[in-house]
Amino acid sequence: MAAPILLLGSLLAMSSFLALAYDVKPLQDFCVADAKSSVTVNGLACKDPKKAKAKDFFFSGLHLAGNTSNAVGSIVTPVNVAQIPGLNTLGISLARIDYAPGGINSPHTHPRASEILTVIEGQLEVGFVTSNPDNRLIAKTLNKGDVFVFPIGLIHFQRNVGWGNAVAIAGLNSQNPGVITIANAVFGADPEIKSDILARAFQLDKNVIEFAQSKF
Amino acid sequence: MAAPILLLGSLLAMSSFLALAYDVKPLQDFCVADAKSSVTVNGLACKDPKKAKAKDFFFSGLHLAGNTSNAVGSIVTPVNVAQIPGLNTLGISLARIDYAPGGINSPHTHPRASEILTVIEGQLEVGFVTSNPDNRLIAKTLNKGDVFVFPIGLIHFQRNVGWGNAVAIAGLNSQNPGVITIANAVFGADPEIKSDILARAFQLDKNVIEFAQSKF
Amino acid sequence: MAAPILLLGSLLAMSSFLALAYDVKPLQDFCVADAKSSVTVNGLACKDPKKAKAKDFFFSGLHLAGNTSNAVGSIVTPVNVAQIPGLNTLGISLARIDYAPGGINSPHTHPRASEILTVIEGQLEVGFVTSNPDNRLIAKTLNKGDVFVFPIGLIHFQRNVGWGNAVAIAGLNSQNPGVITIANAVFGADPEIKSDILARAFQLDKNVIEFAQSKF
Amino acid sequence: MAAPILLLGSLLAMSSFLALAYDVKPLQDFCVADAKSSVTVNGLACKDPKKAKAKDFFFSGLHLAGNTSNAVGSIVTPVNVAQIPGLNTLGISLARIDYAPGGINSPHTHPRASEILTVIEGQLEVGFVTSNPDNRLIAKTLNKGDVFVFPIGLIHFQRNVGWGNAVAIAGLNSQNPGVITIANAVFGADPEIKSDILARAFQLDKNVIEFAQSKF
Amino acid sequence: MAAPILLLGSLLAMSSFLALAYDVKPLQDFCVADAKSSVTVNGLACKDPKKAKAKDFFFSGLHLAGNTSNAVGSIVTPVNVAQIPGLNTLGISLARIDYAPGGINSPHTHPRASEILTVIEGQLEVGFVTSNPDNRLIAKTLNKGDVFVFPIGLIHFQRNVGWGNAVAIAGLNSQNPGVITIANAVFGADPEIKSDILARAFQLDKNVIEFAQSKF
Amino acid sequence: MAAPILLLGSLLAMSSFLALAYDVKPLQDFCVADAKSSVTVNGLACKDPKKAKAKDFFFSGLHLAGNTSNAVGSIVTPVNVAQIPGLNTLGISLARIDYAPGGINSPHTHPRASEILTVIEGQLEVGFVTSNPDNRLIAKTLNKGDVFVFPIGLIHFQRNVGWGNAVAIAGLNSQNPGVITIANAVFGADPEIKSDILARAFQLDKNVIEFAQSKF
């Protein structure tokens, strides 16, 4: 799973120092993120609006397939405020997801966005799990042109169940939706969550937990 | 221009009686719109969450081209809460837009959403205009895989400037973004805005205004 | 129409470089806009609250008639955060509108505010148009002491239909409501929206469009 | 003080059973309050939007002076969602305030709105007090055409310090701003706050407290 | 782990059919949840405010220790809108957590609240994990009188590392914060998430996954 | 009453120059307040998130009783963003309140938070007053383990009616809730509200008002 996370990591690296705005209405026509600002606020400092250019609202390359040669067989190409500074304060972003045959987009949550996903190519099995106490799995197999919704904060996943590659485009209602990949956050935290805590939480042997931790 | 508007109209008709929620956070995992509810509130009444099904979060057919044989040479296929009841309260939707060669998506605003548009096929010229006093046009020509952003409330448009058909997918951060097509709202209001008001506003002869009104 | 827009323009010029806050609750008793701050955020930097003075919450002169000698016969005197720095973050503003006999406040939208208008003097015909697909005109003739409401984002207008001058005061629920005058944004964009796009959108001859563009 | 409060009371009585919306964005073009709905929610149920009429957005009579013959010498004429059902969800309202010579609008808070007040006639002394620990009084004398701002939640007041009557119009950024008149809520609560609590809080003799309570 | 979840489940059962409001400001002084209402909205229907009683704002018994005899050695006693109907729309709740020696409050998220936790008795090791790509563990050992914060949406946990029982009280900024216990949602979803998806996501053998699933 | 207010004052002094965020969602995992930032915005500037430490989310000493030797016989120990910089943007805080026998927490409002209070020790009489026109007192006597709710913006108070000391812990849904102690703001404003205004508002003799003012 390292690969897509790392890519996502590097793509988000730019924004991780920045405190990006979501859920806060634009307070002017737009507020293009100012990459040179030294100020870090709850929401990103803006360029002088008179200096905003069309390229501040632009991104290129979403038609290009990502490289799915990694442990989970999928890769996310995000198009959020880290890629398009003009998205700052606007509360919307996109992502392209490529899946090798059998590839999964591992169970994860977006703490700051709901997601609406369209299958551009291939066949996906998708699902989300409701919160306690029911933990109901709501799942469906999607084909080309099908659309599915993942509510904010809920654990969800996709798997390519078709014969070939699959491609999806997802809309998210935040310019900085955030991603918490469950396996990485639980078994790959840095420093590690103590293995006896996880053993009791997951009711697994401590050795199994430590083996899982060694993978992340 | 009648055709896409009419289609959009019929698609939105279901929702026009409903008072749909946007910009209000989900107050539970989800709140699937209850089509049978007689209550009309600022936000739609929900089904019993235990009765929510996967199909409440599902839509099919976004891979199908719309019919662009109309006055403006374009057609919008919306995927919002009128099509997917599970989008209720989630603040996100999609739309597919098809353009015949030379077709335009006429200048319009979304009063309740910013938009992020991806070109799936073809070549589009797109732009938006900033508010008073500058009224700056920020425009760009987009190719396959290019992405562009239209900030909430601003007048924007697209035109197919390629040789063949063009297709775009747009994400909008509202489950009920609303559309105000400028030409239709100004010249096609029902009943009409008096022609001498429009003549003075647009500094055109009253006959020209009335001719324009006759088209909508 | 140039004159009121220009005046509005110059009044807003101060604020156009600023990224002004609306729809964001005050996070302290008040946050008086700091005109000397070099920081541009989604919401304006504040003065040290201990240095706030009564004059920061004050404006003078709303009893004075504006000069309506311009193409549309009306003039807006805004009282928003550009005039009263203490309005920053408070989400409210006022405007006075003067109308010569027959003068209009041209069809426009406020992307960030609903408006409640009171007729102080004279007689006005007012209206707004609902969004697609109905584009219903909801209109009324108002006399002294009458109040009318224009919902956020909808196209609306006023016309002086009385014998003498008319005066209105409008409350708006944003300290930076924004104005998009339709005629100016569509026919007066800078650079221009290409005339063949507008010709197809408005179903008018290209020459007519170009004539209209020459007026703005 | 009874009179203005009573009038305000009777005007608000209609709305006090209703759970009115503020600070919740309109989720459609408008949501005219349905006076016949039996549903009480956090926000008022709406009429079918197709049945909305111009009169739903209309109020008449704000040019008429209120009767200031009461203990405090002032009277408020509110124009909020209780008077204009079309204000429901729109987050804006007005009020007219009449002051006899020497009349006061007693210290009060609006728990759900900031206020911007314009003097239409006469001369007012106005002020607000900041929160703990400073409790700074920020005050000013206003003349015709002057505008002043009272931030949300802060205690504020006005007094007519001119020779004749005074009139003000106030905009408030809520369709249901709420009023807490300090003297009435503290000394006129029903049932009474025990006098020894108030005696200790105000560091006054219990007899003085009970005398004050007898007035409300 | 079943026990605390089941208890939480039964406590939340009342509210799970209800669509409870968080993050939506009160639109009146209060909106006591009406347990008899058949209407399900994004936010709960209110009782007539004139019928609100002191007991609608009241809960009793938070001084009583919960029963920690369960798989994880801890138990949560929630005090949210399911227990206090007067919390409806107010955006705040509490919980008491009891921990047997060595007991854990298993890694979980609150999709709708940040949490501030105070140790009333005993010693706790607590932590949360940041989102991708860093997945940083921020952890601390707390003693009586210590306070710690868990930001909204992030995975967090507590463990009793003292010699005796431990007790904490947590404030949460939602009247319906929601809980997603990671182990339960991932390994105990109903129906199950397919074991090969989890095997690939957690990089564990399918048998290990199925063994874990058998525990939940 | 001076003592607790002064303490609260000194505790809040740090934050009073800062423009602290409430009611604005976190726009990233967290935004630890940067005490060294010179920028004052609607919401506090953040430290580089990579430099956030566990101690930024930590406070110690809430088990310690405050000193209630003051005019009102109570003392508040706040734990908000002034004490825990990691609370910035998270919208939650706590406070401990100690009461000597007979001590009161004087009538006050929180302009930016609802409150949920738990009695840890002793017996309290608590109440809040609804807004105009009813000004209903909703009151109850609480014992150890009882919980009560005070809705945002309403005047509320507590009094120790037990034989010994009392202790309560309150959760508030803002990291900077604000406090307006009615007696202090009305009779202790600086500079003073003119005594004849208060005399008319409270229908008390001017001498009584001036005596009360001399106490604050």
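In order of appearance the chains are A, B, C, D, E and F, and numbering begins at 1 in each one.
By definition in this document, contacts are C-beta pairs under 8 Å (C-beta built on N, C-alpha and C of every residue); 3 or more make two chains touch, one makes a residue touch a chain.
In this text the structure is predicted, and so the values were computed from the model without any measurement.
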item: Same or different contact residues where subunit E meets its copy subunit A, judged by the half mark; value: same
item: Repeat of the B-C interface, chosen from C-D, E-F or A-E (over half of contact pairs identical by residue number); value: A-E
item: A-B or D-F - the one linked by more C-beta pairs in contact; value: D-F
item: Distance between the centres, which are taken as Cα means, of subunit E and subunit B, whole angstrom; value: 39
item: Where subunit D and subunit F are represented by their mean Cα positions, the distance between them in whole Å; value: 24
item: Chain centre separation in whole Å, for subunit B relative to subunit A (CA means); value: 26
item: Intercentroid distance (Cα basis), subunit F paired with subunit B, Å; value: 47
item: Set of subunit B residues in contact with two or more other chains; value: 16, 21, 24-26, 29, 39, 41, 43, 49-50, 111-112, 131, 134, 139, 152-154, 178
item: Residues on subunit A engaged by subunit B in the complex (per definition of touch); value: 25-26, 29-30, 49-50, 52-55, 57-64, 79, 84, 86-87, 90-94, 113-116, 118, 120, 130-131, 134, 138-140, 142-149, 151-154, 169, 171-173
item: Subunit C contact footprint on subunit B (complex, rising order); value: 1, 5-6, 8-10, 12-13, 16, 71-73, 104, 106-107, 109, 111-112, 125, 127, 129, 131-137, 139, 152-155, 157, 159, 178-194, 197-198, 200-204, 208, 211-212, 215-216
